[in-house]
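Input: structures, listed below.
What follows is chain A paired twice: with chain B in the first complex and chain C in the second.
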Partner chain A sequence: MHLHAIISSAACCIAGALAIFADEAYHIDYHRALVGFPTQDATFFHQPYAGSKASLVYTLSNKLILAAVNPKDGATVWRQALSHPPNITEGFLRAGEEQDTVVSAVGGEVTAWSTSDGRFVWKTKFPDTIVKDVEILELEGGRTSREAKDAIILLSGGEHVIKRLDGKTGAVKWTYEDISGDSPFQVSTSATGIHYISLHSTMLGGVKIKVTSLDLVTGQKLDQYTLSSDNEVISPECVLFAGANSASPLLAWTDKAHTVLKVNIIGTKSVSTFNAPRKGAEEVQKIVLHAPRRINSVSHFLVHYQTASTHSAEVYHVDLKKSVISKAYSLPELTGNGAFTTSTTDANVYFTRITAEEMIVVSSASHGILGRWPFKTSISKDQTFPVHGVSEVVVRSDSAQAVRSAVLFSDGQWVLVRNGELVWTRPELLAGALTAVWADLPEQEALAQELAIEGHENILSAYVHRVKRHIRDLEHLPAWLENLPIRILANFGGKTPSTSTTEIQQDSFGFHKLVIIATEANRLVALDAGSAGRLIWNIDLPKLAPGFTFENPTLSASHGYVEVRDSGLESPLLINTTTGGLVSLQDTTTTQNNLQEGQMLVSFDLIDGELKGFLDKKASSPIWSFLPPNGERIVGITARPIEDRVASIGKVLGDRRVLYKYLNPNLVLVTTVLDATRIASVYLLDSASGNLLHAATHSNVDITRQIPSALSENWFSYSFTLDSTTELSSRGYQLVVTELYESAVPNDRGPLGAAANYSSVQPSSALGDAAKPFVISQTYHTAEEISHMTVTQTRQGITSRELLVALPETNSIVGIPRYVIDPRRPIGRDPTALEVGEGLTKYTPVLQFDPKWYLTHKMEVFGVKKIITSPALLESTSLVFAYGLDVFGTRVTPSFAFDVLGKGFNKLQMLATVAALGVSVLFVAPLVRRKQINSLWQIP
Partner chain B sequence: MTKMRLLSLLYLPLAFASTITIYSHPLHSADASNPSSSLPTPTPLAQIVYDSSTSLASLSSYTPPTGAYTSQHLLRIGLFDPNNNEWKGVVTSAASFRDEYRKKFVLHVDEKGEVYHIGFGTSGRRQGKGRENEVEVEVVQRARGPQPVLNKPIVLNAEGKLEGKEPEKTFLQKYWWALLLFLAIQVLSSGGDK
Partner chain C sequence: MPSQPPPLPQWVLDLNSTPSPKPKPTAIPDPPGFTAALSAKQRSQSSKNAPQAAARKPPTSEEMDTLKLKKAWELAIAPAKQLPMNAIGMYMTGSTLQIFSIFMVFTLFKTPITAILSLQRTFAPFTTPGTSTRLLPAKLVFVVMNLLMLGLGLWKVNQMGLLPTTRSDWLAWESERTWAERAVPKDWL
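And now, the complex of A and B:
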């Protein structure tokens, strides 16, 4: 044990050189800069500046992230997380033609961003209101202007108002107030004026559409008329389209059963009625109207009818002079779901039809197919289908030369297909990660199981078992020998052998672990942490549990399968970790209850604000319960990780005496807040007996901020924000670290001594208070708020630990070495020689995050919700995976990579040196021998 | 930080003392032959008079639980409100109440002096100490969390200088002796030449 202690203290000393090396950055770590699902109305191709040859895809996602994505490689050119009130999920994004700004609106904020680099241009805030629509005023008095184009916004608050904002500054030019009390729906601009569309609820439950025309320059009301839509429209969802920025703005609605389509050209009172196609017994489930957005394009539009199993479309032409809408042609019905996109070149309008198998381009003028590209690689597996997309089409001499479409597929992948070829995929479903868990590769687990069998048998049978296992392993020998030359060559080339896309590479360092992620879209995804987060499989959970939506799934992985549980789900779903297939309960090896004689399992849960421990899940009465005083609210519960290896039971001091760690596997840290008096408290409980081991309170805490906490080994830490109105001498963010020891006196093991067994439930005959730890803590100020913290894990726990913290202000993750936040740092004096030998430095009240600690170095990891860690096979290394919005993974070596050769190690040079030495020995040996013989024959 | 003192009731100033009753609530049915029978109701185990301001407490009454003190049986020890059937506390084995152990009740007290959680532990009896108190009581105050130890602020006077620091000596004031020595050596050595 002492040896371990010395190794770990030596490991502490090395840790001073900790940093990410330049040649390791982007090799050991991977980062997916995600945005979330792009929304249909706020995704478009747009040129970043007038006259630019290339265009970018701009999108505002369902996570309210505004992003510009390069259509060539799918890289995020820039991203902005739009600030919004928590209950707002809807946002708007518009770009004027040939403008170098995009205008976004979320909640009560309208902001303009530079298109090429995402820099902030202007922002106008409208407190206590919600933006309902934004349009860019393309035409000013019948002609387009070169100046920054103004924006028209529709605000809903106490009163519904329409404002015109200056395109350069965001200043309000005029305001029109709607006092009728109708619910605002949309604004639409045309060459003649601005049309404000509101919905007027009638007594009988129907909704009438009211159109108010406003003057462009003054905002005065010019005209108002009401369309008698109350027979069909009963809710705002029935209004399909209110023409965005075309020369002939349209207003289209349908009834609830999707049987009829009614279209009105805004500005006229006539309504054209069309019946939805009915073939067979299937009902139309969805109608989508696609119309070009450009002002100079012809007035053609496409109506997409989707039934449960097929989809079809009809194209209509608008005659502006006669104000007549007529059907031009129909596109044939195809099975499955499809998506239609609209693109324009000059005045021509082209529609791209994307199905699961192919993409077809047609012109709006006639039904002839201009181009058809079957997908070369199967893009959609497992019955996925395109949901919506945007396209760019190149047409020369009446045939489509090229088409590229950024399409969101139903499996949550955002894909760019160019002429049927897959260019890139972005796994946007990972932006909605709810929970994630590490899973070992099954081979590793099988070996561990075999070793466990050998460990528990007597020597002879264990030996026989091992010999048998080795003979069994011989069957892999030919394949291994076959691969040997390739591996050796790859080693000398400095490259790792490339992995095939389907199989998971087994490696001897244990870096290839799977991360299983459950997402908001009810999908389960497996990533390979060892090969830059490659997606292994992606399955639809409701397909495995029909009719069930997973609100708050919990995952646990063991024995080659992952268990998905959710409250309300009768039996957990078991899923094979390597294939993503459903495993039936019979196929799995029965989970052994690894409780030993005399042990019992106590589980605990938070019920009605009270932490309760249960002996058996079925039993209704708790065996212990903890309720914090004065109505404090429990905000966090952190338990010691189940696998938390501790190599050394003591901490070696400078004079070789030992402070023994208080190692209780049942520790639970409860954090609470009291809203009325701004107090935050932490309680350390023993979860077996419910005894309270330690309690501390902090006053003047900003209880609206998070209080993250982490618990490992014999120490815990938590962080909170001090209230900015406090009278204290220091304000900001504090990080508290607390260590627990068996006794305050070195070389003393406390009342329990070296007893092997201890139960906090059974009586103890030790003299003195056995359950009580000796507690030391220290508090530091941090420069930034910490939103989440966790501790690294290694295989045997010999390596010193790192506290990983997520910093939301700088979008980064920092690994704080454990020795920096040692609560035994001497305060107000320099450390003595013995303390220096122990690695302690003088206490400083401010903990500066060393730039070398930043695991994310140059990357900006947005919205980290949780960081999970797992040991690799190498003792030095811990695997790290962070999720939330972005996905980030890396490997950390808190005590330096002492058990693996670095990239800088030149194997060729080493071999050459050995060879050169060997050759020189061959040459020198005869010389030396001759000299020795000569010296023997010489007469002294 | 927390003090533990054991005193009998006599020494307690009665004016500040509060009384609390600790209940025991068995987790096994009273009738061992019929495990499905309902659990017995909580019964008072000990009555404790405590003073949170001085962290003093004493046992005013103690009735050990009935039944077999086997390690399989679990007892819940805690606070019980008979009015709304609310219960909070810890669990221990019935064997803890055997004679060979000393029992200890821990009262966790908040700043207002109210008990919010109960702890229970046992320890062995010391040899040759005779008949000790069988039951101990400890009052544990909730501690204030650690505060950062800030550096002392630098105080400047009206001129923007550090207060209390003597003005720095000039070069002459500091090294007059060295100059004197140098001159003396020069004078003496030149005198020696003659």
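And now, the complex of A and C:
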């Protein structure tokens, strides 16, 4: 008893001191602060304050994350996740020239943020409306104002209104209501006034563009004219460009086939018509108009024509006095996709053309190339191409000195290229991670396979096999010896040996595992979890399965390859985990299920709100089905992980008796809600037989919030939010932890006794009917909402577990030690000596998240959707990977890193001690010898 | 002429001529309670004078056996005398694992076992043809006493939780049930 008491109390002491050490932070963990794909209209270089030498890249991404990125190293200077209704995907971001705020608009909220640190400045809410456009008023009565510049917003709701917001406070200065019923398109500001562009649908199906001029100061309607665009424009997508703060705001549109380009200078009624270049049979697929945004820049613009295989561009000049638009020159056609960016220096406008191979800078005035930089390292692989970007150009004496462009490539990487050199890469495609899975390195799996062979053979042949394997391993010896000095030196230097970019380092601790991620952009990415989430490969899934779009892919890792499945896909795609290449089914070994011999496989699935179990893979009639009572709706299903090693089948009590754990591999936890009465229930099922083992119901639950749950070993936990509208005394977030035992009585194995086999489908009559577990449960209040939870996994399950929870409010991930949420904590009394020996403390209803539990320490991990864990080769360590918006990975040691030397271990000191001892032995040896001889000669 | 040996030093003379044990009769009586040491002659006289104190004849073999048996019994009981002290010591050291209590427990095990093993040697001085059978109970008691000591050690070890007497000590040999079915979500297949 006391020995156990000592060990368990020692374990508690260790666990109490458990935290991330300062010297391990940023070494064992890695974090990519992602933003998502930057959008073309809402990405720009901007000085954080007037007169600043350096500028930052500001972007509003497709995930509606507002971020400032340092163009020097690609680090996120600040980020803000903009709150938005779930159906809104569009946002606006504008910055006035020499302003220290940026204005964002998403949904019905217009917010200003400080440019240098991302602090909140003001916010104006317009409920039940959606912002359609935001512009910053650069000119006030013909001159730029030094004050905070006002914003013009276009709101679409019940009726469409234009409002002018004060740049300092966000207060509304005036409102103009459009009662015509036309669909609002955009607002544009110019030196003379504000132009409101709306689309008026005609009877014949075309769309007429209506331009309304408003007074700057009062918002009164000054003028209105309609452009007869109904021959070409049939949908808002056909309008290419409108305004954007140039001195001469433009309005450009095309027809559906992209054959003609029509441009109008806003404020005049004349329309210039240009024909799209037609070379060969290829049709123009896309026309993009690039115009400078600066108010004082010359009125030149570039039109980018993209066909399926080539791209070209034409540059036009606007004569403001005559209101004539003329073509200046055209840029030659190049194969592949390209991107054009506009940058201005004083009044001059420069266009940067970025292709997959090079970047070319031209002036808007003439077609002479000012600078050309071929990409030094191949930035784009596998026919990726630039999608769009932003540039800054330095031009001196008619030649471009330097250009830097932040370009989004089609493989989802956001890249900054400076003079053809790759400066940084941000894997923004990971922000749209849908699902992820752990994959072992193939060598590791090969060894595991060999060991399995040896385990199943008789001793002699296994021994022969092992000797053969060791002889085969000798071929690695020269390389190993070669690397030995480097490794020893690296060990003493305290540095890990650097790995080359392509090679995946195999390590003896098993930290180098791959995480395979499927993203929203239908790409499959592999990261090396052992070397700070380095990207190993990045492939395009539709290329492997032509003509198929993945909607909800599922991944599963097998020996050396990953299976990608989707509901519409006939046979799964098999992809090599190390190379990302396609593997044919013949090359793979047969998939091994985790079935033991003689085990019957039951699969279950949620079909039409009902959980059904099937004996066969092919959907025949179900052997059981579970429909929650009272019309409850199933919101979540959590099954025990396939690999869930349990070291001990019982829990040793303080008096050394044993509570036997109810270890059923087929446990599944179903969470349901009843919308009408705000009730949430959990049902624990035996998924082989469909038997209900345990049920719990909670009333007054906010059913709009998530109910995350986790199931492992013999316990499960779930969390929910109590409804804030009820009159209950208890509100907030609750975490429920439940343990299952075979019997309430210690030393008793319950109704099944010592039976070694059990079938829940066909229970033997002698054992009674289905054995139900003994359940104990405790509930804790948490200070924050939990959006996702999972449990750490280790190789043998000896290490105690941690419940990893994602906290969206503080953007962090917390590892709650298992002993803290033990449901056997004594309630209302201090623990007895025996309970203290077990490590139980008195129950407290509120679970405070100890700052030491925070795995993310200083990092802010945005938008965690899921956390996955995997055992390392070290028993003490579990690998953790979280994805969603950001990507975060770390290693956790819930019972301390007991099987590996810490960083604090001084190897030099140890060696010095050994050497000193050796030297001292050399000195002492003659003395001792002399003494022994003398003692022989002395009379006793 | 042979030289005259030097005169003997005073201390040699003193040594050779010890003063007579019988001091010269003086008027001063001996202090009360002082008995002068008797010379051998006086002793023989006094023994003759005492009729009850006859000349001691050597003990018979029966008497020797009885004596030896008595001595053997004393030896047999001896461990019991240490028992209370040991018990108090064991109790006082508590049930935690410390270097002192481990040493004490070690001696508690070592002493009885070595004592039992060297049983014949311990009782060899008392073994005669006459006592060999009568010595058996004494030996038995000796063994029992040592076993008691051993029992104390066992109790102590049990207190320290080192004896595998409970279910939890054998938990590692118990195995998880095998389930005849394995159910997994369909996505995992």
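Everything that follows uses one rule, which is that the second predicted complex is superposed on the first by the 910 of 940 C-alpha atoms of A that agree within 3 Å, B and C clash if a C-alpha of one lies under 4 Å from a C-alpha of the other, contacts with A are read in each partner's own complex, and residues count from 1 in each chain.
Keep in mind that, in the parts below, a contact is a pair of C-beta atoms (placed from the backbone, for glycine too) under 8 Å apart; a residue touches a chain by one contact, two chains touch by 3 or more.
Quantities reported herein were computed from a predicted structural model and do not represent experimental measurements.
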item: Touched partner set for A:I642, first chain B, second chain C, both or neither; value: second
item: Which of chain B and chain C A:Q762 touches, first, second, both or neither; value: both
item: Touching partner for A:A54 - first (chain B), second (chain C), both, neither; value: neither
item: Partner chain(s) touched by A:L834 [first = chain B, second = chain C, both, neither]; value: neither
item: Touched partner set for A:L752, first chain B, second chain C, both or neither; value: second
item: Partner chain(s) touched by A:N691 [first = chain B, second = chain C, both, neither]; value: first
item: First (chain B), second (chain C), both or neither touched by A:A915; value: neither
item: Which superposed partner A:G613 touches (first chain B, second chain C, both, neither); value: both
item: Shared chain A surface residues [contacts with chain B and with chain C]; value: 613, 689, 759, 761-762
item: Contact set on chain A toward chain B in their complex; value: 610, 613, 615, 621, 623-630, 681-682, 689-692, 694-699, 729-730, 734, 736, 738, 751, 759, 761-771, 777-781, 827-828, 843, 845
item: Residue ranges of chain C in contact with chain A within the complex; value: 95-97, 159-162, 166-169, 171-172, 174-189
item: Contacting residues of chain A [partner chain C, same complex]; value: 1-6, 554, 556, 565, 593-596, 598-605, 613-614, 617, 637, 639, 642, 646, 648-650, 652-653, 655-658, 663-666, 668, 686-689, 746-747, 752, 755-762
item: Complex interface listing, chain B residues touching chain A; value: 27, 39, 71, 74, 76, 78, 87-93, 95-96, 98, 100-101, 104, 106, 108, 110-112, 114, 116-117, 119-124, 126, 140, 142-151
